[in-house]
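Below is one structure, written out as structure tokens; the observations come after it.
Just so it is clear, A, B and C label the chains in written order, and each chain counts residues from 1 on its own.
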Amino acid sequence: MNTILRMVSISKYFGTLAANEDVNLEVKKGEIHSLLGENGAGKSTLMNVLYGLYQPDKGEIFFEDKKLNLRSSKDAIDLGIGMIHQHFMLVPVHTVLENIIMGMGKEKGLVIKEEKLKKEISEIAKKYGMEISLDSKVGNLSVGQQQRVEIVKALYRGAKLLIMDEPTAVLTPQETEELFTTLKIMAEDGMSIILITHKLKEVMFVCDRVTVLRDGKVTKTIDTKDTNELELARFMIGRELMPIERKQEYKVGEPILEIESLSHEGEKGEKSLNDISLTVNSGEVLGIAGVDGNGQKELAEVIVGLMKASSGTILLDGKDITENTIEEIVKMGVGYIPEDRHKRGLILDFSVSENLILKDYYKKPYRKTLFFDFNVINKHADDMISKYSIKTPGRHAEAKKLSGGNQQKVVVAREIHKLPKLLIAVQPTRGVDIGATEFIHQEIIKAKEDGAAVLLISTELSEINYLSDRIAVIYKGGIVGEMDKSDFDENRIGLMMAGAN
Amino acid sequence: MKDIFNITFLIALLSASIRLSVPILFAALGGMYSEKSGVVNIGLEGMMLVGAFAGVVGSYFTGSYWIGTIVAVLSGMLIAALFALITVKIKINQIVSGVAINLLAVGITSFFYRALFGITTVPITVNAFSPVSIPILSDIPIIGEILFKQTALVYIAFILVPISHYIFYKTSLGLNIRTVGEHPMAADTVGIPVEKVRTACVLISGALAGLGGSFLSLGQFNMFVDNMVSGRGFIAVAAVIFGKWSPTGVLMASLIFGVADALQIRIQMSGVSIPYQFLLMFPYILTVVAVTGIVGRTTSPKALGTPYEK
Amino acid sequence: MQTKGGEMVKKFDIFQLLKILIPIAAVFLALLLGSVLLLFIDVNPLEAYRYLIFGNFTNKYNTAEIFVKSTPIILTGLAFTFAFRTGLFNIGGEGQMFAGAMAAVFVGLKTGHLSPFLTISLSLIGAIIAGAIWGLIPGFLKGIFGSSEIIVTIMFNYVALYLISYLVDKPLRESIGFYPQTDLIGKNAFLPYVVPNTRLHIGFVIAVIISIIVYIILWKTPFGYRLRAVGFNPDGAEYSGMSIKKSIIISMAISGALAGVAGFTEINGIHHRLLDNFSKNVGFDGIAAALLGSANPAGVVVSSILLGMLQTGSNSMQRGVGVPANIVSIIQAMIIILVLAGNMLRPKLELYMRRKEKVIE
């Protein structure tokens, strides 16, 4: 048996949306196979079908040449299919041991026999060269360690096929290398691995074969040695990426944002921002690269006034705003595209037009004495919808009904259309389809060219490279390196992101 | 007033405190199971009421208070089954569902009481449990008097505390429950049947709440009166929060309320010139203080209150 | 809207129809389940329901009673609705109504000899303030300490209940007689009647006007926008500069004030004095009305009238066939559960129907 998995003509619909249409996927034993595609291409859906979380509407699955009828993820686990999700399925307050054994009551007995179980788990971890401490609470572990727990969890349940969903999204380049080394050891030992990703470099580096998905359908299945990144990109997107329109010369103006020795302490006393100093001038984009969780969120929220700095100063166009509230800061002309649009950026149950006035709702002309002036509000909404090409059933549609990309466009429209002095954009294209991504990138460039100072915070190096004029790297709450766009070197930045100097 | 510091008074007070804490303890333990799996149950009040009523009915028609107790447990579970259906399966908001269940329970108990017993001026009384002294232990001076001369249900209530602790932290079933309450999606991915676990926990909460209610009607008042639970079910919900969702914490919280209740009664009886209405308010105000002093958010099960949808 | 052989228009109608169909179906189902109970006590359901429904219209007095009973329900229903829209569960409508009642009686006893306009206005204002305070305290505790407003408001129900019990027992007990109740409030504080020879007083009109005001505040003003934003997504609301704490406190105060007005209508319009156990459970009827009415002022008014009908009819039913009137609380609870279930299942039904169409196409 050379082929361990065959998915034949899988189709899955959500309402009228075809998340997967007639998909064929074949994985050989001991192979590292990539499932490649853009956000929303249908990769996660396909894997959820394989893992028993969804029932396919059409098609069949053959595992080890036996036809599968999966009714739950338990069935999949029992057969030897293990899945490691992008957002870890770990319970932070449980210990590592508890996370690994949870749900195994039938196999391991009603009473938890700690000693015996710990021994079994340690053996498996050692076999693949992974170190884990079984009594630690998972919430206290680093991201890389948590991922290791997830892997051991799958191995402990006898996985023969391991599915990993965007495993490197949260890792530094060095941690990524470690992971790939582990994966190669496992593959050599006979483990079959499906790697879901949208990162072309990684596909070429570690995978044997790749299946490309686009809009729910398979566009190509090919050996990696027979292809290259450019070709894969075309299979993924279907067309050439549009070059960004920008004027060749840009005028850098006065410093708009000046941060001096900024620090912030979290609830438990840990320093999330450590003595940061930086400057962003009008007409330029400063891109801050870094692995998620190194202080990006705190940096943005302290500047914008949602969190309080413990020391240091922030100047906006010369004025000290360190102690100002978010309301005051926004009034002074600051736009903020937050990392989590569902949390900070939008009120999902509000309509598109209501979301568009989220910052100005109490101001004239939207307000007439004590009441709203709906004529003005509606007109404003129509203007924004057309100017920013927001695809929506109507201005009264609730924001939650829009796609991720269009939701983000609502946020961008609201934050940019008033030509802010300072624009802070954190992960502006996370979870956004390619079309909207290009549009948003274009808007950011336009804002810069209109004179805004742009602070771009992103974990996507390609995005940083694309948009920034200057680049800095944040690590453990501090700035560890600054350079001009022309000095961009991915290896060097990767090392800085991991804290090596 | 001088009686308060008399040792006899203290023994009687503590002994009564234990008795008075039992209904709340049962209901709170039940509430804890439910909340540990992620389901907020403010319908405990209604489930207690149904248990109180069913206990009286069962006891009246069979002459046996044990059968009455069993009927109470089963009735509590029946109501809980409805609650589970609407919160776990249909996924209606848990608070709103709890309110609806309470309204239903009030209606059902008062309707069936009148249907079965007619419109009486004097409530039907039933046989009560008699105290069971635990041999040897009940001879210990003072402590024996307080702890070991209670009725059988009291002992059951207290035994449930270490049993629950063992279940939650030393068995795979308990681990499953806790996982479902913290991260239902993670539970789902390892094959734990989230809805089944939650339903089971809700049923347990109904059984225990029913038991607590029957203790009120069979063990304390020896009758059923409309609305006799008087907010104890809600105090039980507060006890779960105050006890930080742990069996021992819940025990402590219930005892504190028991003491408050016992104290309030004794002060009334001792002839102090505080109007009795203000003394009656005391347990409720204490509850407000309890939930204010606790930062409950950080220790509650993370998925508490959110229906699980794939 | 383009029509493709009339099919698209039909599709549009069905979804709108469902919104009204569900409550109606719920009422029918609940009555059906109720008839099982009636059979259990050897009563013919059809006969009982005849009294239940038509007992409302036998005479002018009964028909007016529908609106009399619905008045406090509208107000406590609005109280729950207002808090609900801000993301809070105010289960303390009962206690806030009691607080309003206590204030209204106090004002009515002291100023009842002044001009009607003056004493009634003062009573209303007193009830509003008292209700607001009774709602403000739980709101404050929630906003500042994060304490569950559900538990605190429920506890305050009992505190208010015992407070009234104390007041009518000792300090405010009637000067002649032995009942636990206060003297009558001054004649001028009595609310005038809308329909003579019935109990229907202007309290009903006041309640309806207030429901319109609530609607306008929540959906037509920046103030209401802010409260709704906090209710839907506190993080997003915070970004736009709204103070979550302030919004919670203000919302609970307003919610309490609305329920306080119910105390005013019941005292000044019906009882004219404070007594133990007046207007039993009206606070919870209000919650029922709010749930049935989808937390929407117009829905609340309609549902309150429906509940008023049930309650008036149940008295007829008790007199006519001897069925205990409280079967109506069972029916009420079942209606709520069925409506809520129906609303939850509606989107799934819609999705299913839409999908069927796509496959056919």
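Note that in this section a contact is a pair of C-beta atoms (placed from the backbone, for glycine too) under 8 Å apart; a residue touches a chain by one contact, two chains touch by 3 or more.
Since the model is a prediction, treat every value here as computed from it, not as a measurement.
Greatest centre-to-centre distance from chain B is found for A, with centres as Cα means. Two chain pairs are in question, B-C and A-B; the one with more C-beta pairs in contact is B-C. Centre to centre, using the average C-alpha position, chain A and chain B are separated by 45 Å. Chain B and chain C have Cα centroids separated by 29 Å. The touching residues of chain C, when paired with chain B in their complex, are 37, 40-41, 89, 91, 141, 145-148, 150-152, 154-159, 162-163, 165-166, 169-170, 281, 284, 287-288, 291, 324, 326-334, 336-337, 340-341, 344-345. Within the complex formed with chain A, the chain C residues making contact are 216, 220-223, 225-226, 228-229, 232-233, 235-241, 351, 354-355, 358. Only residues 42, 82, 86, 90-93, 95-97, 99-104, 106-108, 110-111, 114-115, 119, 230-231, 234, 237-238, 241, 275, 277-278, 280-281, 284-285, 287-288, 291-297 of chain B touch chain C when the two sit together in their complex. Remark: chain A residues 13, 15-16, 306, 325-327, 330, 336, 338, 343-350, 354, 358-359, 361-362, 366-367, 370-372 touch chain C in the complex.
Touching chain A in their complex are the following residues of chain B: 170-173, 175-176, 178-179, 182-183, 185-193, 302, 310.
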